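Once you scroll down, you'll see the structures, which are given as structure tokens.
Consider the two complexes below, in which chain A is the common component and chain B and chain C are the respective partners.
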Partner chain A sequence: MADEYIIRNGHVYDPKQGIKGDVMDICIADGKIVSKVSGKAKEIDATGKTVMAGAVEIHAHVAGPKVNEGRNYRPEDKLFTCKATGKTRMEGGFSIPTTFRTGYNYARMGYTTVMEAAMPPLYARHVHEEIKDTPIVDQGAYPVFGNNWFVFEYLKNNEETNVNAYISWLLRVTKGYALKLVNPGGSEAWGWGKNCDGVHDPVPYFDITPAEIMTGLMKANEQLGLPHSIHVHTNNLGNPGNFETTLDTFRLTEGVKPNNKFGREQVFHHTHVQFHSYGGDNWGNFESKAKEIMSYVNQNKNITIDLGCVTLDETTTMTADGPFEHHLTELNHLKWANLDVELETSSGIVPYVYSPDIKVCAIQWAIGLELGLLAKDPMRTYITTDHPNAGPFTRYPRVFGWLMDAKYRNERLSTFKHSEKVNDATSLGSLDREITLYELAQMTRAGPAKALGLTNMCGGLAPGMDADVSVYNINADRLDGASIEKAFSSADQVFKSGVLVVDNNEIVAEPAKRTFWVDVKVPENKQVERDVAMKFLKYYSMNLGNYEVSDHFAPHPYVIEVDAS
Partner chain B sequence: MDTVTLTMKMQPELYMEAETISPDQFAAKSSEEIGALPVYMGNEHHTLSDFFDISGNPGKTAADTKIVVSGDLTKVKYIGMKMTGGEVEVLGSPDMYVGAWMAGGTIRVKGNVDSFCGMGMTGGELLIDGNAKNYLGAAYRGDWRGMQGGRIVVGGNAGSDLALFMRGGEIIVNGNVDVHVATHAEGGTVVIKGNAKSRVGGQMVKGDIYVLGEIERMMPSYKYIGDEEIQADGISGTYQVWIGDLGERHGKRKGETIYGKIYLKVKDTGKAAESVRAARKIRLSDDQKKQIKDAFAGKEPGVQEVRAFISDTFGIDIKPMQVSRFIDEMRRKE
Partner chain C sequence: MTKTISDVICPFCGTLCDDLVVTVSDDGTKLLDVENACAIGAEKFLHSQASDRVTRPRMLQEDGSAVEVSYDEAIEYTAQLLAKAKKPLMYGWSSTSCEAQSVGSEIAEQVGAIIDNTAAVCHGTTLVAVQNVGIPSCTLGEVKNRADRIIFWGCNPAHAHPRHMSRYSIFPRGYFTGKGHKNRKLIVVDPRTTDTSSLADIHLQVEQGADYELLQALRAAVRGQELTGDIIAGVPKAKVYESAELLKSGRFGVIFFGMGVTQSLGKDHNIDAAIMLTKDLNEYTKFSIIAMRGHYNVTGSGQVLGWQFGFPYSVDLSRGFARYNPGETGSIELLKRKEADAIMVLGSDPGAHFPIRCVREIANLPSVCIDPHITPTSEICKLHVPVAFVGVEVGGNCYRMDNVPIDSRKVVEPPEGMMTDEEFLRAVNTRITEIKAA
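So, the complex of A and B:
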């Protein structure tokens, strides 16, 4: 920790301070960015290279029971991928890498903060155990709320204070970071063999609609003033014509204002929008509605999105959207795993091959990039692949290449088996925008950090912030796809909280990582305490005493305290 | 074609992973370089020359290279893995994974092989003169892509789970096979010239299985649709045609549903062979009983020991329960 460093003469891109590629030095001392260091500081020469803050992953499935089940039931994903480096722990896996490879590969790519996108509260301990085992990167996890019986009942009865108290309780006992909603209502309906296809489609038995669930939780999120907004994967994912459901979902945010002390400006984050931007009414006339989606997002500042770009690989889809995974296995006939998590959520897993020879896959690929290129505000549009659903996170550099080099992108576009049909169904071929390094820093660093309410901690290089810094061997003079992919796959140097973790493209240290979680103080609520106790007695298969994630699961917690009492 | 000869000089203590024994790895290398190729035993690294005497030189490409491996190879795995061309001749009985993921060329084994041979194979020929154990031409654990092309010929018998997840290519077994044939198959052809036990074509969506002997128990999800005059590996005759697995999804082509098919050869008697099941109770003759008694005189043999003896000496497979009763009988009479 005590080491001082000075990174000299790099081209610095820092949207936090508005620095656009100026050649300057970045100083690091005691784990923080500082304005100057002593003469004893170790020098790193970054001449001709790019210096950015450590990247921030806003949405990936990297820890927990469904990720692990994916690893379990896909031994073939590890075939021929295990290599011993002699220095790091044994790594393996491609689309669902081991915890070790997950941490190492994020670090190698210059990512230092990674959020796990869906934590079933009942299995929160498992999620935290895996987070603990994932080296280097700081992590947090979003517990899923969108199909929770408590939430349904309180929202149905308009019991706002009870919703807030329950959220506060669940975030605390699961050490959770934000409110995640996956197919709100639909995953519960799946328990009845049904689904919610639109936002006004009521959930069986509970008689509440997805729109009411989302609006209710969005309101609660702002009343409590949490660092992140609600994080939504809306209904009707992956179906032709679903863009209308997505727009209906977006409209729920109209007039809602953010309330928090963390610098967050949105009230709603929609994840992997690529899967939600489909037109047509069957796979034959399937087409892109990226323009419609992005024109809404561009006009409404209280929404942020991430892309969910398809990378054209063989991967493993996994989501808490149980009915969707069943739908998928009926389509591709590959193996399927499915789980119902008692009162809380469900999940499913199916391997999937995004083949460049299949028209639909190629259109999906194009939609992901279209969304990124049509974004007017890169601070509100983040690059993800919904790892591992649209592709493994290790393909981010390739996605950067496609977004930043029009030639590279068009080469791919024109070599599909069905290129003409892809061009008819999307507008990607007509877009000549190339994302700049500054915009890339917005879309992978400053933007997600701001959306997560961590803008004063990570995603930037201002003095006082955590010293998460990446140095890439590339600069604005040579931004061709292949070089971009190469440089961003393997950073020359990466600092995590001031510790040099990657040097000369190799992992050199594995310092203690932190687990972010949010502790909200709300007034004491006897009603909720009683309801929780009753539900555990009556329905849960587990004792309340065994439910809480105790402290040893997160040995290095970073607790963000919010006072809403 | 140039030939490299590997002769085993030392039996490995543990099982050896020798995926480097492949024309692709040997091509254009000197014999020193070949000798320096790595092999693994557990977490230990060794070289080929630690275990083999190497003579001869390889060709410039894999296709010009022939490898002859001889010695006691029962502890050598992965011979010819991922090879794309050339020839490997194995004078012995190697362990598992011979020709796994091979894409071209020929492997001839003049002995038996263990399990998982020809796994995920996409092309080439794997010829086994003796018997093969389980999972021949199958898919890797968890994978849905088994054998996709090429040809496997077994001179003797094959074990269980033959052609698991098969998607293409051809497997010919001259002897008998154990349970589970072409489970989950989505293409390809399996010819069994001897008998098959049960669960033949379970969950098969597409593909053809020809059985020239008998099927001990046909899957209940297969339906007999009539007889056809056809040829299977050159053997023509009348075959019963069964379609299935009716419990599975089936695609359509030109309006017609595609099924997996089992062709069962009709014997000269005019009907398909009588189920082996009907004649399952095997009785040992007094002479055979005496032979067994003599062989184990004064010993306390285990069930498997006696069963193996019966199988080796008389060529019959008796259920363990029956063997156990027979041992009790012998004891009582002593």
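So, the complex of A and C:
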């Protein structure tokens, strides 16, 4: 821990400080970035290389019940791709890698913070067990709130203080990081095999609409002043013509202002927008509405998004959007797993092959990139594949290549079986923008860190911040797709909180990783305590006394305290 | 004075009841009473207090007698046995915590073992079927709150999961099921009359071994297709139609199934059909299917192996990466082929449940049995290491049959000087690291 390092002469890209490729030294001591080090510091020569902060993953499904069901029900995903190294734990899996492989692969790519995108509260213990077994990267998890019966009832009755108290309680007992909403209302409707198709489509029996759920939780999130905003996957995912629903959802944020002490400027994060930017009314006239979506996002500073880029792989889709996965299995007839969770959510899993020979898949691929290239503010637009839904996170370097090299991208675009139709349905071919290294650092480091309320901790290289640093063997002089893909797949060096974890492209250390969670203090609320006790007594299958995730599941917690009392 | 501990988890079956109330002596050394548990669960707690309990490791002698040895000697023996073996089998894992299972994985990786759990002889076929066709499922609380159609297929919860029907599936009143059992229709599929079938609205007395036929007939009937023959799989055709209509007419249905259908003729193909019946029914209403997992943490073993290696059971680590091929890498096959050269058993009793050929093979091998009880397995293994009862004398995480994790509790101190299985495994793991480094 006490090791000092100096990374010399690299091209540094740090949007946090506005550094755009200047050649400079980065110093590390006691786990932090510092302005200078002693003569004993170990030297890393980064001449001709790129130096960035450790990357921050804002949305990936990497731990928990559905991820593990995906692993267990897809032995075909393993394919003996992993050789033992003798130094690290055994690895396995492609689209749904084992926990060890997940941690190692993120670290190899220079990622040091990874957020699990959907945690069913009843299964929080499972999520934390897997997080504990995922080496190196710091992690947090977003408990799902969008189909929760407590939330429905409090919001319906306009009981704001009770919503806040319940959120505070659930974040604490699940050791959760942020409020996740997945197909709000629709996943509860799936309990009866139904769905909510639009934001004003009421939830069966509960007499509340998705719009009311999102608005209510957004308001609560700002009243509490949480580090992250609400993190939303809206209704109607994956359907032709769904961009209208997405725009209806975005409009809910109008006039809402952020309130927090963490430097976060958005009130609403919409995830994997690629899946929500579709025009047409059937698969025949399916087309991109990326322009309409990005025109709204560009004009509204209180929204952030992540892309959800399709990588054209065989992968495993998984989401707390239960009705969507049923819809998908009806489309592709591949094996369907479903898991409805009492009072809280549903979820499903279906394998999927994004074939370059299928028109719709190629259009989806184009939309993801269009969104990224149409983004006017890279600090509000983050690169993801909604791992593993649109593709495994290990394909990020390839996505970077497509975004950063127009030639590389156009080669792919022009070699689809239905390239002409893809060009008709999207504008990708007309976009010549190439994302720069600085913009890449915004879209993978500074941006997501800011949206998560971690801007003073990670995603940047300012003195005092955690020493999460990645060194890549590439620079602005040679930014062709293949080189980009190679360099970002395997960092030369990666530091995690000042510890050298990757050296010469190999894992060399596995320091204790941290679990981030948010502890928000609210005034004592006897009504909510009573409601919780009653619901557990009558409707849960577990006793209240056994619900809370105890401390040993997060042996190295990093608790962010928020005072809303 | 005595102390009362509530919200105690029962470490017996996959129902994983978590509402037990246990009374212990003031100093926490004696367990005096157990409330809310079924007869089997209560006995598990009370048995920890038996006066004739083995509290130190015992080494089997040539003459069949057993000699007490220290834990240190037991650690050394176990570490040497595993480190020296070319293809050791580490079997069991269903009656212990996920924490202990996790240490077991580390050992298995170090020594290149085959690591397998009791799914190999119970619901392994279910896991294979899920790999074939997926599984639409839900938590047991969903059943309680919504279900109005229940099928018990090849299982007898009245005896094997005694509190299942009262806690989750038949009797409880939930959010949308205020009338409790009065609004639930029950179909039991079993060749025999059982205490469970006595509660059924329809008892389908399927001909033994004909489950697959009956399942496919139900699928056809659900789709409105015509069935030929008056009797199908031992069941009158009219009853098959009646059952299909009953299932379709519900708002939310669940199939629970047990070893009567997973280990009878057809095996994983039966479960394929049961899952596809469930999927078909989702075209008409909402339907789920849940395996009646036996041991209290067999599900957890599948989870831990899943996130660490990617496969739920029968995982072969002998080549330096994880391989899985049930039928080849399973315990039964391995022992039948005499391929394992050492065996460690923890948290299961293959001596009582494996085919006799396999039991003989275990008796012939260098072998360790880690188990709080004296069992048929502990009597044929070269070394028996008694450990504290998980869920009674030490806590640890467990997964219910619907994959819901519940952290079990320690309610009473183990006899003085006894190790827990996790402690024992950690010591063995450390010793193996030393041996391998030397």
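Operating definition for what follows: the second predicted complex is superposed on the first by the 565 of 565 C-alpha atoms of A that agree within 3 Å, B and C clash if a C-alpha of one lies under 4 Å from a C-alpha of the other, contacts with A are read in each partner's own complex, and residues count from 1 in each chain.
The rule is short, and it goes like this: a contact is a pair of C-beta atoms (placed from the backbone, for glycine too) under 8 Å apart; a residue touches a chain by one contact, two chains touch by 3 or more.
Worth saying up front: this structure is predicted, and the values here are computed from it rather than measured.
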| item | value |
| --- | --- |
| Which superposed partner A:His126 touches (first chain B, second chain C, both, neither) | second |
| Contacts of A:Tyr73 with chain B and chain C, given as first, second, both or neither | both |
| Partner chain in contact with A:Lys335 - chain B first, chain C second, else both or neither | both |
| Contacts of A:Asp248 with chain B and chain C, given as first, second, both or neither | neither |
| Touching partner for A:Asn546 - first (chain B), second (chain C), both, neither | second |
| Chain B versus chain C as contact partner of A:Asp197, first or second or both or neither | neither |
| Of chain C and chain B, partner touching more chain A residues | C |
| Where chain A meets both chain C and chain B, residue numbers | 73-75, 77, 334-335 |
| List of chain A residues in touch with chain B within their complex | 73-77, 79, 333-335, 351 |
| Chain A contact footprint on chain B (complex, rising order) | 139-144, 249 |
| Complex interface listing, chain C residues touching chain A | 6-7, 9, 18-19, 98, 102, 109, 127, 130-142, 144-146, 167-168, 173-176, 251-252, 279, 282, 285-286, 288, 302-303, 306-312, 317, 320-324, 397, 399, 403-407 |
| Interfacial residue positions of chain A with respect to chain C in the complex | 63, 65, 67-69, 71-75, 77-78, 80, 82-84, 89-93, 96-100, 122-123, 125-126, 129-130, 133, 149, 191-193, 205, 326, 329, 334-343, 349-350, 538-546, 550, 553 |
